[in-house]
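Across the two complexes that follow, chain A remains constant while its partner is chain B and subsequently chain C.
On to the complex of A and B.
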């Protein structure tokens, strides 16, 4: 088990290093540069462009820039954002909370609702519930998230006036304490519903398919023939086997969750990291973007290791490989 | 009241000094054509919070360091300039109660308001003004490129600042009233790195509102400065609410979560605002016209005949109606009509004429192929509304005269690389600020200028532009700019399409919006000193 873990961690570190190099090169090779975007089109000043290009070392060859980036990184410093001249770590740290609140809550809801309904549908295969859920899963799977978000705003905020349109807090009321927490949850509702609805279909279909597949395995037929109770077969044998693919998908999605909610954060003016990333991309804020990608690749690596470990615990076949 | 009349008097004096009477400069755009309620609603009420939309976070609160569209509306409320430009595009006093230009135009003297205090209580003086401009020039701030004519800034006393110029520069006043020249506190910035000073996240200004806090991605909060040296604001607080998606912001306005939309609405929404009685629509008319420009140095459009043909082939009315949903005004003059004292109304771009256009292309030596097309070209546009839609209409228009246009849409950064720096294109579209004075023609048309992306060069035009900048009075300058416009019409390095009008919707209970009658003569583009909530 220790050897298994060691190997997984080494792979993880390798992934982070490789992605660091690739990200750096790709970002810098993309057309455009942050300084010309900063200078704008209204009244750009060559003096300012020169001063800033010099300051951020953007005239140096790319490998020199990479080396100096890695040097500061080794000191534990993610550098300064070009857009705001603020430390990258501070900018990212400020946005992690809202993103995790939205992304984690939604992925947990989606995995619970999706898997439960998937299992239920599989056990009642062909029932009205199964047919309806199957249809709905395709509808939401093919719905663009920004469109769904806007529709929910139009229905629940503009027409029915139940929920707020956008943002995280009521700026007029400026609540404090518990009232503020309630206010945030209130604002969280619509974006949360959007992200959850979009994600449920994955979990629904995976759970449904793997339960159906496991139910048709020979050993299950044998249990049935031996007269074992349907409930016991399900709890003890089907569920354990059928849940493995869900865990894999959950692990992968967990890692992509931050970038995945970016569009929804923009539609609902939710102050998260996805939005920060989109702005950083369009403004070519190299240090900020590198910082975000580094955090993403670290979290992807960590999630993969954790999923592998859970897998090994649930399924002994893997750890004795 | 006393202050107000003083201000008006100063406005008048200033107006005469600049030589532009408020009646004949710029375009007066009435407040959405509706009767303003301000006059009938009695005395202004003090108090309340104003919520204004904004699409992104300001990155720093150093107002002179870099261009930042998100900071501008906030800067106007926290800081002051020497002079400022209103939504009528007129220059009015700010920290300088008046100014005087010397006979030879090489010296501008600003007389500052007295008893001005910074938000931290420190007294303001001419030293702050000198420090601000010295720093912008030394550090290469956003405005540095427009201050190259400044030789030295002196401060004869605490309330007087003198700009000594190397050469006469008539555009300078306009730039000093525009953006990125807000006066910064010397006692806070002196001896520090101005790009990393802590005040960049916690600004100290002299303006009508004080900075309270910025919650990243959520809001920026300002409160009234009760010690303000000018007219004290009515509102207790101004909160900028950050909503990145314009469609969402529009819904937030309809749902009364925003008092002022604050962001450029999708053009398709314009009609619904007009139809909604709860919403007033202010209009802002900018010297930032949309135009099409050619690579005259190195592309098929080296041939002036083809450029003229394109100019004759474009249907500007069609573009404004379809691509801009009617929010525009056809541009046929070679310069923005806002500076009408220097506008050439004789030499203008022609109206659409398909036959003439086809003849010009044939004269240039092209013949129609089997598809009925003379030649093929690509228009590069950035993927921002309405540029993309304008390009689509242009493609249809030019098909009529036998030019097969392909549209290449790209992200702004990629556009920068290909067109701005690479000059690797046939034809493209642009807008952007083309003021504050006819002198701005230099930036876009003189040989080798920064935004002369066309690679256009006409020595006669260069000379005329230089002459135009070397005189002080409008009468002396006008003939040269009129001449410049003649060359632009003859050479067709660009085809102007439409004037830039932005619409600013806000709740009908808001009085004193910067585009409204009550405030348009007194405030900057987004300054909320005179706003009050009438409900």
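On to the complex of A and C.
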């Protein structure tokens, strides 16, 4: 188990390093640069461009730039944003909370609702619930998330005026304490529903298929032949065996959602990292972009390690010693 | 009195508007401490017959009729609760593919204990663990198997675990469904000897389902030959093997080589199983039978009862 854990952590570190290199190269190879944006469109002077390029060290060959980036990174310094001149760590720190709130809550909701309904549908295979859920899962699976978000805004915010259209807090009210939490929850509802609805189909289908498959395993017949009650067989043996694929999907999805909620954040003007990332990309704000990517790859690597660990605890075949 | 008595049992699988007659009108008795080998080629209904006795076939697609009387109770009609009481305590099963006969992610010992506790609810933990270790010893397995997982054992070891599992409550009848088919001959020989030994000691009756004539010849008292869902011949192993009465049994016996005796020609049976979803007017074996006559095509043969409990389903039975 210790060896397994060590290997997982080493793989995680390797993934972070490789993604760091690839991201750095890609950003710098992409056309456009922050200097032309800083210098402005009207009448940029060559002297100014040269001075700015020199200031941000963009003259150096790319590998020298990379080495100096890693050097400052090792000191725990993510650098300064080119556009706002503020420390990257401060900019990210302000935005990471809302993103995690939206992403993690939606994942948890989707896992619980999707898996529970999948299991229920599998046990009542062919029932009205099963058929309806199956149909719905395809509908939501093929719905683009931004479109679903826009539709929800149109119906629940613009027409019915139940929920706010955008943002995370009511800017005109100065809520504190519980009132503030309620306000945030209020604003969270629509984006949360959007991201959750998009994810539920995966968990539903994985859980349903896995339970159906496990129910036909040979060992289930053994327990049945031994006189064990169906409920006990399900609780103790089918559930634990059938939940394994869900854990795998959970790990993959976790990574995907943390970086993938960006588009929903933009639709709902949710003040998360997604918007920060989009602005950083369009402005070619290299240090900020690198900082965001680094945080994302670290959180994804950590998620993967945690999921692998959970998997190993449940499935003895995974812990190769 | 018979321990288990099967009367006119039929199993029909209902799939996609087709009715597949997997078991047709099968009747036979098993006495206490009997050992019966059921042989026949793949798809002849052996496993279906065995699983149907304990109502282990999926209810939605399998329709079972007839009677399975076990100690005055019809297993096909008693309530689920009554049946659960009989399962494993009175009749246990060693399944095909024992490599998958337990959950891969639970410890073998805990699964064995779980099954033990089903019929001994009051047993203390230490008591159960002791009993399990004893059982493992009984089938020549080291006690450490208790804390191991299925993937850590070999096929032969898992087979022994399955056998230990089936012996747990000293049942009166064990059904072994291809229990040794997947093993090499040496392990198979060892396990068969152990089974015979245990049977004598614990006075258990056994139904052995197999393709392997030699296994039946060596370990069983009686033999039932099945073909396309019909019981075509039944009797004592010695009688049937030395003087097979049904053409199919003769064909089956000719398909296995003998170690002793003269060198003979090894012959199979040409053709394959008929489509079980269509009705057959005549004898089910007619299309492959080397001895067929006019009447075989038109008339279903009845079961002829000969001396010594011998049953043969053939027009020419007893006339030779």
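We adopt the following convention: the second predicted complex is superposed on the first by the 306 of 321 C-alpha atoms of A that agree within 3 Å, B and C clash if a C-alpha of one lies under 4 Å from a C-alpha of the other, contacts with A are read in each partner's own complex, and residues count from 1 in each chain.
Convention: a contact is a pair of C-beta atoms (placed from the backbone, for glycine too) under 8 Å apart; a residue touches a chain by one contact, two chains touch by 3 or more.
Predicted model, so just to flag it, every value in this text is computed and none were measured.
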Clash or fit (per the criteria above) of chain B with chain C on chain A: fit
Between chain B and chain C, more extensive residue contact with chain A: B
Which superposed partner A:241 touches (first chain B, second chain C, both, neither): second
Partner chain in contact with A:226 - chain B first, chain C second, else both or neither: second
Which superposed partner A:271 touches (first chain B, second chain C, both, neither): first
Vertex chain A; arms to chain B and chain C (CA centroids, nearest 10 degrees): 150
First, second, both or neither for A:203, with chain B first and chain C second: neither
Distance of closest approach, chain C and chain B, by C-alpha atoms in Å: 48
Chain B and chain C contact sites that coincide on chain A, given as residue numbers: none
Contact footprint of chain A on chain B as seen in their complex: 49, 51, 56-57, 59-60, 66-67, 69, 139-146, 175, 178-180, 195-196, 200-201, 215-219, 239, 241-245, 247-249, 251-252, 254-255, 257, 288, 411-418, 420-421, 430-433, 443, 450-451
Contacting residues of chain C [partner chain A, same complex]: 54, 56, 83-89, 92-93, 95-97, 100-106, 114-115, 118-119, 149, 151, 165
Contact set on chain A toward chain C in their complex: 217-219, 221-229, 236-237, 240-241, 244, 314-317
Residues of chain A that touch chain B when the two form their complex: 30-33, 36-48, 50-52, 55, 81, 83-86, 91, 94-95, 98, 150, 153-154, 157-158, 161, 164-169, 171-172, 266-272, 275-276, 279, 282-284
